[in-house]
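Chain nomenclature is as follows: A, B and C, assigned in order of appearance, with residue numbering initiated at 1 for each chain independently.
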Amino acid sequence: MAVILITGGARSGKSVRAEALARSFPDQPPIYIATAEALDVEMEARIAGHRARRGTGWIEREAPLDLVPALVASDGGGARLVDCLTLWLSNLMHAERDWEREVSELAAALPRLKSPVIFVTNEVGLGIVPDNALARSYRDAAGIMNQTIADVADKVEFVVAGLPMKLK
Amino acid sequence: MAVILITGGARSGKSVRAEALARSFPDQPPIYIATAEALDVEMEARIAGHRARRGTGWIEREAPLDLVPALVASDGGGARLVDCLTLWLSNLMHAERDWEREVSELAAALPRLKSPVIFVTNEVGLGIVPDNALARSYRDAAGIMNQTIADVADKVEFVVAGLPMKLK
Amino acid sequence: MAVILITGGARSGKSVRAEALARSFPDQPPIYIATAEALDVEMEARIAGHRARRGTGWIEREAPLDLVPALVASDGGGARLVDCLTLWLSNLMHAERDWEREVSELAAALPRLKSPVIFVTNEVGLGIVPDNALARSYRDAAGIMNQTIADVADKVEFVVAGLPMKLK
């Protein structure tokens, strides 16, 4: 079992890097677990772009909220690519779920899984403090989530301009 | 004497890292120099959270503005953890003090100190250019301050998702 | 020939680092290619500040839009410092030029140049997702441009607090 966390900014090449890592476990077809829902045109276009780039040979699953069940249900097969954790967090907060408990449960579940999991997440805390309190809560939550998952991950990379830096 | 600068984004694990470094100088109890003032409920909660996590055994000082005098007054004792420089800068600008002069004086004072100083600071310049001129001035000032202190520091780390990258 | 990309946040010390690299090719005087236009007082002050710091001995060129022609025209002489790519991108978008094609053409032109080129660019995707669609488009474009140029560069550095981290 391997847990890998790929973090970085928007359009930094995180997904491409994570896709390459998922394909590096070649025994069984990789499984793409999307946390995105195509709720508007901009998101639809982004999902379609990701799918076109990934190419064929992927099993596709959706888990906008129930990520641990999706990981458990797909365990024993190929490597899972979860794209992305920050969107999952945003979905949890929007649905008024207890994100701190859900993040803890995810961290606790990971060591029990047999097949590899590669997570994509975003760094959102390196700009000016946002004006509105909701955005501040979200960036605090994202930072805490990233620390929590990085702590249990076997490998963590920070991607800038398509190039990974090894953090762990 | 050692001067260490820990930089990174919001909720990236900078304070935890800096606390561990401060405790790594075990001869005398570490000194926590807070630049924060509990002016609102959100800040009060954050200060209380930091204090709970640090645990006992710290000497506590406050220096929202007069940081160099606080470092001089506490010199000769344990390692000082200054948390954080970006808030100090914000306080200086709000009080209409000459931040460029104060930052230069801080940089000049550091080599004369006997006990270690660990600074926590924030990277705030990696997002979209802010709309308002005040926010742009602040992020420019923070960048200049971080460069100035990094230049005189013996060791600089950039923390992402709780994991330090060595810059110097 | 060498292509070097220096990326980082606002006021992180990217330009100083890039200037030092440009001067490290000492055979001929370095050429400063500015993508900035002095359209307002804030920008004028910033341009004047950069010029004062660089000092004498630089040949100065301006290329707010037509960067490839400027690189071709100055080829065969000293090292070129292009400061900066994100402003060039912003100029292209503002002029409603096809930035994707222009970035591709730049990437394609670089391997054919004889004299070194050092690019400065900004990371703008590590904050909270911006509210307005234009800012989101810009940060997506900047991320794609940075990946594209990093891919063809011989050397890429990420500068934080004046200190470079080697990405490639």
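Assume a residue touches a chain if its C-beta (ideal position, glycine included) is under 8 Å from a C-beta of that chain, and two chains touch if they have at least 3 such contacts.
Chain by chain, the UniProt names read as follows: A, B, C = Bifunctional adenosylcobalamin biosynthesis protein.
These numbers were taken from a predicted model, which means no experiment stands behind them.
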item: Type of chain A:chain C copy interface by residue overlap (half), same or different; value: different
item: Rotation, 0 to 180 degrees and nearest 5, that superposes chain B on copy chain C via CA atoms; value: 120
item: Cα-centroid distance, chain A relative to chain C, in whole angstrom; value: 31
item: For chain A, residues that touch 2 or more chains besides their own; value: 9, 123-128, 139, 165
item: Chain C partner contacts - residues on chain A that touch it in the complex; value: 8-13, 42, 123-128, 130, 135, 138-139, 160-163, 165
item: Touch list for chain C against partner chain A, complex; value: 5, 7, 9, 123-129, 133, 136, 139-140, 142-144, 146-147, 149-151, 156, 158, 165, 167-168
